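A single structure is presented below for examination.
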């Protein structure tokens, strides 16, 4: 991963969105504010604004994710962009063309934006470095590294329900080790001035140096949730569940699944978040997922607005 | 299958299209009339009207059907909607998410309409029950149960060529047992006041209680076609042809394939219909499929207009 | 292949684009001129013109080619058409429907244009013969036969850099035998009055009767490039590289790969072209592909404009 931040112009404007790491508080706040009007676009009769009319947006999904691709496709279409979905894995690479040649070709087709999902950490950075001036790159999830639009929609959701970050306690629960959602979320929370970020999970799923990111570590979930305002559950990926890192889905639920009993340790008005897709009965109990404190579906709604705001920002619309 | 009809609002307006069963004659007639202006849209230089501009239509195809998906995609685009194609089978379910969670997510993205194709009878009903108010569901074929837009386009075609239903004889020929096209067609014909609906096929492919739907049963095709105005052929599905229910495609054609000789028993101006895709030489002889009495291609053209009318109706456009 | 040219109307207007063979110099020049304004559309803020608004364009790709499909999809969307992508191989044929029935159905949906890619030479001709009046067919590559939009974008590129064809020497290098790009390119060059077209390659990859097309044949690449203005490299297809026709990719590069040393034999301002995707280190050395004389990426950019011009021409827009 590069240490410089190629997502900003020389005068500090956002030209790509590659990671939350490297964005200032002002950058994040501007993006959240920019999302506000797009939330109301989703409620209109005609859910469309002409900000990206005549722009060509390419969804470059090297890793399959129908859900994330759909959110970006909807966001781009509501901005009136032309959207081209490319399943890159299945195409040019089969003909032996390099990734960079494929990209150079798409740029030559006068692309305006690449939305990139890749299983390798750093791939969107590489793409941004090689995309010529005027082409914006949005990271839609790269390996274990970052998922900045997820972090932004999480922040939007928290801000919506809690108004301010300066006195919040936020707990992030589950597989911190493999989660780009957790990494990006921690960066966003600390940048926005959240004073108390806690990560909760088994030792095997928490990076040993995570405290350097300014968070406290808990292995006992009930204690970790004590008095918190926000509970961010992470998805436990299926491939972990059968692996050596965990005893079983059932055991995981007992220790780190969010139940009414454990949630009772948080503040009474604490909100419950999950990036989806949920494993009900593994990381979250169904009554909680569907309960009064759950804001999991509003996260999805805000996610469209936040992605519209990011897309509009990086093309300067 | 539910006995109530969740496709209507409290005051009897169409909010979903799930099955023909449960629609009144007035409902069906209104939909057919609504399709009239859309037929002419297909002939225009600019084949587009702005009725669904800014609406988000999701094609949810749990069962693959490129042809049906294409007709809905064209219909939605000619209404100026934004269309998102989702091959649900291949996506979230692989990640262990439940169908209802997937749907809740799409609703949270401010979906306006779901076009649903599913191999399980009743799936679109389940989806309509759980979709929140304001999201319309159109059944694009569910298991052996219903295919209401096919029935409507069939009725549109018959009305176009025969003007009225009140003195018609209509024969439906082939695999009645497994056909949602037959089920939906019979409902539509009897509701529209067609006095003589006949089903023709081998005993193994006709439900034993089909007479309760108000039709007569024939096993001899030539006799069954005697004097009829409309011959609706059904598609014989490949998987049946190799099964125990039928001797062979060749044998089937001999008994139940539509040939010039058999068609001669119908009225001289009888029309020949088929929902496609055709098995030439199995259920229909090629000269008949391409002959003067065939209205198989006009069915396709009317199908686009009827789907536009249904889509516009359920969103109240 | 038919000897008549079904791509022209009775009064000589272009109604389909099936092959360069059969087009007059005036036809080709008109298409190149028609592309000029579309190049500037690609540079605009709003890269869209309303010429094909409300038209339905079907991408019928019987052979997978994400890159070519993408260029046509972008071209159609920038003309404001509605685009439907159909992977025909995977759909109706699986249900046993014939190609001609599938096409008749799409025509009945009021299609305006078919963009056809097929592994069989002549397939787009067959489709054009059966498509009813008013439906335009564009050949996006058929077997070893033709790739007319590639030839047109190549001619556009040459004209852009060299202004005129009447005094040019053009060398086409590589697998002439299996290349529809070479066939279409040779037709276009000779039709446009290019006096010196040379094909360069090993005997096994050059058709024995190629001189009848008005070209000279070279097996020694350095000698063949002597003093030429344009070097058109062809893609060496992977399946050839492991076949009996060639010793190895490495051997091929030694004899027919474009290197600085070989390119030095051409004129100093010679341009280097390649239809993509490139096999770097097989048919072209990387420094040349990325070098000052390379116009490989401009070819891509011009390709969008040329396809827009062709689409607009065949629908008479």
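As written, the chains take the letters A, B and C, and residue 1 is the first residue of each chain.
In this text, a residue touches a chain if its C-beta (ideal position, glycine included) is under 8 Å from a C-beta of that chain, and two chains touch if they have at least 3 such contacts.
Just so we're clear, the structure is a prediction, and the values are computed from it rather than from any experiment.
Chemist: Degrees of rotation, nearest 5, to put the Cα trace of chain A on chain B?
Modeler: Best-fit rotation on C-alpha atoms: 120 degrees.
Chemist: Counting residue numbers used by both copies over all numbers at the interface, does the chain A-chain C contact come out same (over half shared) or different (under half)?
Modeler: The interface is built from different residue numbers on each side, given that under half of them are used by both copies.
Chemist: Chain A to chain C: how many Å between their CA centres?
Modeler: Roughly 41 Å, centre to centre.
Chemist: Could you say which residues in chain A touch two or more other chains, in rising order?
Modeler: Expected reply: no residues.
Chemist: List the residues on chain A that touch chain C in their complex, please.
Modeler: So the residues of chain A touching chain C come out as 53-56, 82, 84, 86-87, 90-92, 95-98, 101-102, 104-110.
Chemist: Which residues of chain B touch chain C in the complex?
Modeler: 42-48, 64, 66-67, 70-71, 73-74, 77-78, 238, 276-280, 297-298, 300-301, 303-304
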